[in-house]
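Next come two complexes, and both contain chain A; in the first it sits with chain B, in the second with chain C.
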Partner chain A sequence: MTTTATAAAQPPDLLSRLGGLWSSGWAGLVLRRLLLLPLTLLLVVTLTFVVTRLLGGNPAVRLAGAQPTLEAIHNIELQLGLNKSIGAQYLDYLSGLVHGDLGKSYFTHQAVVSEILNRAPGTIELVVLGALLAALLGIGFGMAAARRVRRPLDQITQGFSILGFSTPDFFLGAVLAYFLFFKLGWFPPPAGQLPFSFAPPEPTTHFLLIDTALNGQWDAFGAHWQQLALPVLTLGLIYFAPMFKITRASLLEILRSDFLLYAEACGLKRSIERRYAFRHAMSLVVTYVGIIVAALIGGAVLVEQVYSWGGLGTYGVSAIQNNDFPAVQGFVVAVGTISVVVYFLVDILYMVIDPRVRLG
Partner chain B sequence: MTLLEVKGLRVEFSGREEPVRAVNGVDLEIERGEIVGLVGESGSGKTVTSLSILGLIRQPGRITAGSILLDGTDLRTLGPEQLRAIRGARVSYVPQSPRGALNPLLRIGKQMENILVSHGEGGRQATAELRRRTVEMIEAVGISDPQRALRAYPHELSGGMAQRAVIANAMILRPDLVIADEPTTGLDVTVQAQILDLFSERVREQGAGALLVTHDLGIVANYCTRIAVMYAGRIVETGPARAVFQRPRHPYTVGLLRSVPVLGQPLFSMPGQAPDLRALPSGCAFAARCANVLPECAAVPPPWREVAREAHRFLCHLEDGAPL
Partner chain C sequence: MTARQLLRTARRNSELTAGGALILAWVAVALLAPVIAPHDPASTSFAALQAPGSSHLFGTDRLGHDVFSRVLYAPRADLYLAVSGVLLALLVGVLIAVPVGFTRRWWGDVVMRFFDGFQAFPVLIMALALVQALGQGSGTIIAALAILNVPLFVRVVRGQVLSLRERRFVEAAVAAGNPTRRILFRHILPNTTFPILAQATISIAYAIIIVAALSFLSVGIKPPTAEWGQMISDGYQNLTTGQWWIAIFPGLAVVTVVLGFHLVGDGLQRTFAIQRRH
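== the complex of A and B ==
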């Protein structure tokens, strides 16, 4: 608001134009959200930095080997800059971050940025596809169930959703792998993103689905889809439960709402009425898809383990176990960035769906 | 032929307990060109009656008896698709709170177009024609900047504007019958008068009939040709508005009229409260609150009595109604 006021006092220049954009509903809201993005990330980075240091445990001790001498530990500390004050370490880290440098892993000596670039895309593919499957199943069955309350279809899907809520994802992952791979042989073994017999494609985007397609390696593309099938199915079936619940509940509320009664009183066509209800249900569903994707980016560790996915979650866990400060921070920054971007997209979608949100 | 003829309408809401008889044998007639005021306390069955005419009683409610004849056709015998085609086109509805009733996600113009399209108007090549009709209708309800109003979302309109918009929705297909459920609750008194003037003018101009549901007797006195007073799911008195206001007969109507505040006089309030619709007495439902109660009132159902030559009837054991 203050920006608008000061901008209005000046001749029309870039600043005042920005001010106008700032206060005009749509673009302004997007702009403000974009400006919040780095702020949110700075907060995330700072918090992680503090927490990793508070956790205790000295990485130098682990690196120094089985029976470390004090001197050896001290040398390693010097090397890694751990002897500096916390404040200096924090500033070092921030200045690196600004230049796109997340430091090097204490253990692999690889740049954290490139390690994350190698691992995040696999997880993003897995999680986005899993959440999309969950949303498709949840929305479809949720809408069908809301129109048939307490009839067989509703009760059966309700049962499945309770199962979904109460089954740990890694357990379902293991069960699916056991039956569909080991017993029936319908799917390839749970051994990573691409079988060893395939040469990995030139890493252009690091997304295997895209890179294999770009290079025309269609057999590798197909093989990657086959590898994706079971973990995606696992996530889809588990997170079907909340998607189903939320769709069913919000549609039930909509079906009883005043505005749908009025739509009916106006004699609107069934197809138009259904579109009204669907769009209303979507505003809530979109939010939940966002929450699920954001939560799973760093949180699909156990499913990643079951399918030897080697994704971001796995990376984060081993980094924490090793007290690998740069890796932990890199992991959190990556997860944080992806989450913030996802929530940003959710907000945009929300604005597309509901004009009331555009007021800001 | 009578435009609308409701005969012996009963609506029940069944839950875990005893079913609730929200409407318990209502007869109602509306001719073209007249505005009938349906008056009563909340819970008396006004809204349920009007929703029944539109075929919009939702579960767990159910019409259990009676007929609803629109130009001689019983709406109860029609299938859902036939009913849908009638709603909005031949029988339209003005809701109580327009901002809760309009779709918050769509522009006013789009919602009007949807009504037209749903009733077979327009089609793909005739978008311009649809536009023209919505603009015309929005102008007809007294909105001075129709383009802006059509582009607006419901939350961007004032209460009065939103009410005009739903009246436009109700009138755009030139219906024979308009049902308005408390169309001016929540509006300023001045805006209320404008809206009701507009409403009655539109109805008369189109030669339609209207049912105006309200609990405001002032509105009935100003805008309605006839009045029907409801109590506990039944109509207890009906007649030309002038006749009923001049000489109300049913003790409940008398009480209602006395409850209208008059400057300088203490406010009269009727004793007792509306009866439990799950356990209605076998006689007159008003007996427990009635100042003129007779020994037979509680047990014997009251008969209809006619006031000579006036189409003015009331449901009471008192031969000439309550004394004034």
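== the complex of A and C ==
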């Protein structure tokens, strides 16, 4: 109360108006989150720089060939700017970042930014669809299981969930490719995002699903969906496990909570009760979907490998294996940025779902 | 928690029993591999790509290894690496977490924020980067697993210590004039056994998958040694030409042993939750 009283007593200049926006509801929360974004990113970027420099070997030695002379190594170091002090390298790197420049890959000599922009969309399609499938399966079965505790459906789905936790994603990917492609022939071979027989569409967004549709290449659009099917199914089945577990557990806790017991005692309709419970459980579930998407952006490497996807994960792995500093940094910055953005979206969704967050 | 208590809990908890049985079975296989394996796992003297049959139970691979013998020898690498990495992490994690949880000074928070930042990186990418930086080899894999898991143990143990330090018996121990070190390690630490054990089993489950995944990315254990991930990675190329046995058997081995650790972890957590409620 005192804060509103003093605020009203002062002339409403811009600063206090901003302050009002800052501390009130929706806009304030979004604003605070937005301001935190660059800070979090700076932390990620700096940590990446430190880790790649501290841990990585000297790329000049690798680039100089099989039997490098000291002079050759020194020349390469000069070219790459590796002879400068670590502080100067860090500043170079930061100023590049601000200008949207992540440097050039030591190996392909392409700009890292464009390489990442070409590759990220393929991974994003895969990961978002995989997480959506996992969420659909996990939330659906989790809700069904929570209402039938210790009955057959609950026990069977729990069994599948713990199997999902125990199966390496690359193994499941391989098994699905064997049965659904080789044995049954229901799906195309695990050979990348688009079969060779299709001309890739004009790259407008680099999202094949969008680009093929924009150009009206509907047969390529369909072929890309078919290529997506198996890796998406793999991710969906594996990440069904955590989605199911969290949905079931949080729904169970809410169904046993005082406020729902009270609602039941008041004779509220079952369907309304369920809606209350669902809404409560959703805030946690949404967080998990966000965590899964964020983790998979860099972590779907193995499934990408199995299906020769050639996405961001594959790029990161070969960058690390080659000590390709700019590419590694670019990869981590990309993964970090996408996760930070995903968490930001999750926070916003949270406010939509849970009024306590935006009012409290 | 004594051994007898653990046995009594296991009898009432089917998850613990089933999971424990799976783990014990694989540990037995690892120990007895030289006795029960029909062939030398490194021998390549058999005809390549034979289907499973009476002479080779799980068939042979492209190089003419006996797949069955390799599946039996592999836990010597996989279990050994995963368990050592996690135990090392447990030790370091506890040593960090107990004082960090007990102190009320500023550096406790600083240490925790450091671990928060560390965990922002994707686990597998971090493991890959560590192995790449430290150089390929089993010691490196153990170190990488330990580094990945330390933050998890720190978090679990610190949480326990935070709540334990407010308890009466700790207050009493302080009032009785015990030195801090004695309070930490005689009064607080023994009460954190259950959650540490649960975390350790779950961590081992994930560690086994990471060891296999590193091999799949060809930075893990080097080929002549039998290792499940290496076998899956190798056999994957044959899957799409129909030789399913090379990848499927080691894959099923990974699933069963990881399942065992997950079951035990879940069982322990459930028991702990019940214990806390009483």
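In this section, the second predicted complex is superposed on the first by the 339 of 360 C-alpha atoms of A that agree within 3 Å, B and C clash if a C-alpha of one lies under 4 Å from a C-alpha of the other, contacts with A are read in each partner's own complex, and residues count from 1 in each chain.
As a convention for this text, contacts are C-beta pairs under 8 Å (C-beta built on N, C-alpha and C of every residue); 3 or more make two chains touch, one makes a residue touch a chain.
Nothing here was measured: the structure is a model prediction, and the numbers come from that model.
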Partners on chain A (chain B, chain C) - clash or fit
fit
Taking the superposition as given, does A:Ala265 touch the first partner, chain B, the second, chain C, both, or neither?
first
Contacts of A:Ala249 with chain B and chain C, given as first, second, both or neither
neither
May I ask you to decide whether A:Ile348 touches chain B, chain C, both, or neither, giving the answer as first, second, both or neither?
neither
Chain B versus chain C as contact partner of A:Arg279, first or second or both or neither
first
Once the shared chain is lined up, is A:Ala295 touching chain B (first), chain C (second), both, or neither of them?
second
Quick check for you: in the superposed arrangement, does A:Pro189 touch first (chain B), second (chain C), both or neither?
second
Residues of chain A touched by chain B versus by chain C: which partner has the larger set?
C
Using C-alpha centres only, what angle sits at chain A with arms pointing to chain B and chain C? Round to the nearest 10 degrees.
80
Based on the superposed arrangement, let me know which partner A:Ala111 touches: chain B (first), chain C (second), both, or neither?
neither
Taking the superposed arrangement, what is the smallest distance in Å from a C-alpha atom of chain B to one of chain C?
12
Complex contact set, residues of chain C against chain A:
117, 120-125, 128-130, 132-134, 205, 209, 212-213, 216-217, 219, 229, 232, 236, 239-242, 244, 247-248, 251, 254-256, 258-259, 262-263, 266
Hey, which residues of chain B end up touching chain A in the complex?
54, 56, 58, 84-89, 92-93, 95, 97, 100-106, 114-115, 117-119, 153, 155, 166, 169
For chain A, which residues count as touching chain C in their complex?
43-44, 47, 51, 55-57, 162-163, 165-168, 170-171, 174-175, 177-178, 181-182, 189-190, 295, 297-299, 301-302, 305-306, 316-317, 320-321, 323, 328, 332, 335-336, 339
Under the touch definition given earlier, write down the residues of chain A that touch chain B in their complex.
256, 258-259, 261-270, 272, 276, 279-280, 353-356
